[in-house]
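Take a look at the structures below.
Presented sequentially are two complexes of subunit A, the first with subunit B as partner and the second with subunit C.
== the complex of A and B ==
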């Protein structure tokens, strides 16, 4: 049944657009103000993006000036049939899940511990944040140095504990090492964000839970986590975007080895573009990476959207 | 007609922004590619000073010879009035910069460190044929001519496919040789001879099997002196291909048919890969076995890591580039000696890693002349001798005349003021045409090399057996070669 107001002829008449009324400009003052930004965006992003699409359907010739030789979908066929590339994607996903998962678990754990510390919290927090301020390439060099079997401290400690292998010399330990280096560097960021979230949980609610005799795990499960869930989601989004692009530490420590165990997609992309100069195929890989990043970002943004955090 | 001025639609604004962005990008590109002036030339007078005031950029790998050149540029500037800026980079970064510079159509780097496999073969069309400059009566001649360069090195580092054109002058000559702790071999020589049944003293007459047994002996009997008998550069890196290739060739295997020629002169289409031959598989099996008793950290070392471990006293011996001799002598004075690598059923092979200096084809005429003066000076006998004496680094000469100089001859024995010359006897043998190890000089080598060392790394970590690794390399290399190379 139609609503009374909707069916009123008077209202219907008022709602109908008047042909003589001034037409609203489709792009008004705001649009004109945005134009310089859009021009800059076009120069920096849209044109290179279109060039990248063109490159992915071409063979890129370098000598005598860059030229494109159209070869149709050859690069894309190669991309979808390249077994080594699929292995790299699999490694990327495993790496992504491990680093982001560990960082979230450890970061939240550390933040919860730190939140309970009353004296010296600032000093502890400063120490905790230190790894985050090192450039990833420095973290890689440091990791390589510490795991070097000739003079590395970690290698020496592990040797004295009876480990005879070489950390970066076997596929599993090398993969674990680069994952841990990233976790070491970025767990503090999660801890920091979580700590900020914890500060916003009302003290009265926690006190009420304590008065009611709620055990610690129930307080966590029903009060703390629901309160900081949105903050954690933002932290997850930030780290996920970074983890997809992970490059520096692996490049410096293992170069993708041993046995390709640490060759994730960004390493393969770099290798294809700047070692083999197969820029057409590299463009195809780059676009696939972009699509994957957008997919991950959209998933998180949609989650945030359902919680009303994107408005 | 509307009373109001027509307003652009959202689509119009976006379209306009895109067009303006494209224009800006294009304008930026064009302005950066704008014309620039050639350096001035003073006609007549001293040939060496005709480009006085010019500035050259030399891009080089961060090698010992370039360190010596950089520390000793003053004589060149005094001689010519030309300033030289030297940019030193790790090889991979250098190859990127050179490729992009050649693609730009300009010569930001007029003088290029032209690795034969990563620069010369893929980008030979972007380099100047130096014969045109050698023939120019207005430019100084190459002292003692091209024939003074060691012939295998001139072909390997300076030419590509055609025998006549010369694209680079041999500039450095690192070659893999057997480096060993002489003090330990002296100490244990009798015991080792008794236990092993042969004289263990390293020489080109030793076999790889004997090398294996010597390493194993050190592992068991000399733990107080060294942790392991041998170490290798088995990181998933160019170094692994180098280390393995010595064994591959010694066992009679090769990457392609007519491998010596493909290595020395190069080829644009080398044909099917032959690394799945029985000899190659036998070589791979031996290499896998050898790395099994080597220092486990070998799988993480490139040449630098191996050199550091050897100098740290972890290893009794290793195959490594001969230019580490100066560093060895500094840390372990009098304790290290050198020999050609062991032989196998197919003879011996000592991987050559030398490089030439070339001139970018994008240079302008006078700039090209100035660059010629620099490469003539940098590869001249006097400069090579100065490099040998340099405290800042210095490689080994690429000219036969330098090796004949009495002071250089004298430096082949201790005490030596030119410690790299302690390797002279070993490398002199290693550079003979039948003993030099030359990897395939093909334009698509970079990608083939990656396929090779990746599969070798899988073999060393036990992921695949040697036979499967060799078949896997063949399959990948054939695909890469079939795709061809267009620069």
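== the complex of A and C ==
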């Protein structure tokens, strides 16, 4: 089974000599170590997954005990013909591209700046990382406070610059606001990961470029970025997975409004499931979201497998 | 960062300046050290200014909302909703006092949050350490598929997990209970802990266990007394990150918690009512929710990169 010991992060240890392995039953010590965790994980993931599939083909009755009434593909037909749903997917994609794109650009920018700071880099980084640990729901509520049209600090700043609209009240500015709140919270993550990647670029490589007289942007383009491409890809994937996981900020600021402008798919799912209690249809939406995230996870794992990354 | 004569002390800034020197037609050694007018000095000073300004802007953008929240939590009712921002004001502890007195006492919510997040993080780390070790060392067939299954459960959208769990929990009577919340948090913390601990264990050379086995330890003893102590920082990092994820959760708690299990983020969101929002209290709750996690997060900063990239990138 030596072929299994290749470059995935969990596989990367040196192969243990066969001789040192004591005679053990089929499952082995490793298997026994994994058992409790994996059983619980199976109960928490496979059971809900099967339930989700079953629900997507049923009408779910909650009153008088939970019951599933099989109705075939009705939920799925609705899913594929619901015009509002397609708008939500479109909005989700725009939201996704904007948040993740801005976070990548700003995060890499901050990391490049931080990398040039020699003294006090640690304290600067620590301060810049703070938003990452804030609960998204608090970020949303704080954003609401800051953008309130009568007493919000940022609304006041914008007012003195000549903008008087209600930020969360009109579709475009509300969308921009929830994007920026997400950017505020998660840009530090990208900066942190990128900085780790930058620090791993050997100094000799940079020095060589410097001695050869390469201008800064060329060093960046041809030396630095290729060297940290893998790390950037990891940052992008990690962020992408979480970008579709969290929707708390939108939930407590605009709740999908105004006029559905910020109603991304998870918001619609929550509304469907827990406001209208149409759990069957919500299950269909959930499965579609799951397919998307599994695709990203697949890419992530394949990336770890095929490239050595930094470890 | 003095002159062009000491490239080692200023490596990241060398690229541009050297080009400038070469354009001079003199080569590196010809650049007069210490002369402020040299193109090299000027260019590197300019880039230092640009970096400084950009970082200052980033710091402002990052910290102003947090500082504003902290400040506002000490303001009285009129200051907190004043049309012109109040920076100088008579500080008051009323907001915090109101949170802990009266009908809507925050105490139980803090306790629920601590219990739900703490227990789920602890369980995740214990089970994650065992399973992570197994995963790091096993050579079974299908290991890749196993690893993929684990990571994909971590990445599943919360909205897709909540719907079936709601049904199951309703059947089992786990709605509005701390065990229900703990289980809900384990759906993301357990796979995270398994995967991350396995990355930490993979860093420990297998030869260490071998020597322990040769010395007469059982596999379990080798794990317990040799390997586990070496991954202490990994265990702490995993615990802290699990704690942060669970503590900050809103999406699960808003569906599963009720009067007996309401957590802090829910309590915060419930201050938003039809009749208006008490922003003083809200910023106070915000501070209470956010500050402990920031301190915990910064305490494990050295391992954050490893933790948050699930072991794909190592920092420092």
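Keep this in mind: the second predicted complex is superposed on the first by the 261 of 311 C-alpha atoms of A that agree within 3 Å, B and C clash if a C-alpha of one lies under 4 Å from a C-alpha of the other, contacts with A are read in each partner's own complex, and residues count from 1 in each chain.
Assume a contact is a pair of C-beta atoms (placed from the backbone, for glycine too) under 8 Å apart; a residue touches a chain by one contact, two chains touch by 3 or more.
This is a predicted model, so every value here is computed, not measured.
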(request) Applying the touch criterion given at the start, work out whether A:256 contacts subunit B, subunit C, both or neither, answering first, second, both or neither. (result) first
(message) Per the contact definition in the header, classify A:276: touching subunit B only (first), subunit C only (second), both, or neither.
(response) first
(request) Look at A:120 in the shared chain and tell me whether it touches subunit B only, subunit C only, both, or neither; answer first, second, both or neither. (result) neither
(request) In the overlay, answer first, second, both or neither for which of subunit B and subunit C A:162 touches. (result) neither
(request) Once the structures are superposed on A, label A:150 by its partner contacts, choosing first (subunit B), second (subunit C), both or neither. (result) both
(request) Decide which partner touches more residues of subunit A, taking subunit B and subunit C as the two options. (result) C
(message) Contact-wise, after the overlay, does A:72 reach subunit B, subunit C, both or neither (first, second, both, neither)?
(response) neither
(message) Tell me the contact category for A:244 with respect to subunit B and subunit C: first, second, both or neither.
(response) second
(message) A:266 in the overlay: touching subunit B, subunit C, both, or neither? Say first, second, both or neither.
(response) second
(message) Shared contact residues on subunit A, subunit B side and subunit C side combined as an intersection?
(response) 22, 28, 31, 34, 38, 40-41, 44, 47-48, 62, 66, 150-151, 274
(request) Can you check the complex and tell me which residues of subunit A touch subunit B? (result) 22-23, 25-28, 31, 34-35, 38-44, 46-48, 59, 61-66, 69, 148-151, 164-171, 254-261, 263, 271, 274-278
(message) Touching residues of subunit B toward subunit A in the complex: what are they?
(response) 2-4, 7-10, 12-14, 16-22, 24-25, 28, 92, 95-96, 99-100, 102-105, 122-123, 125-126, 235-237, 295-300, 305, 308-309, 312, 314, 444, 446-447, 450, 454, 457-458, 460-461, 463, 486-487
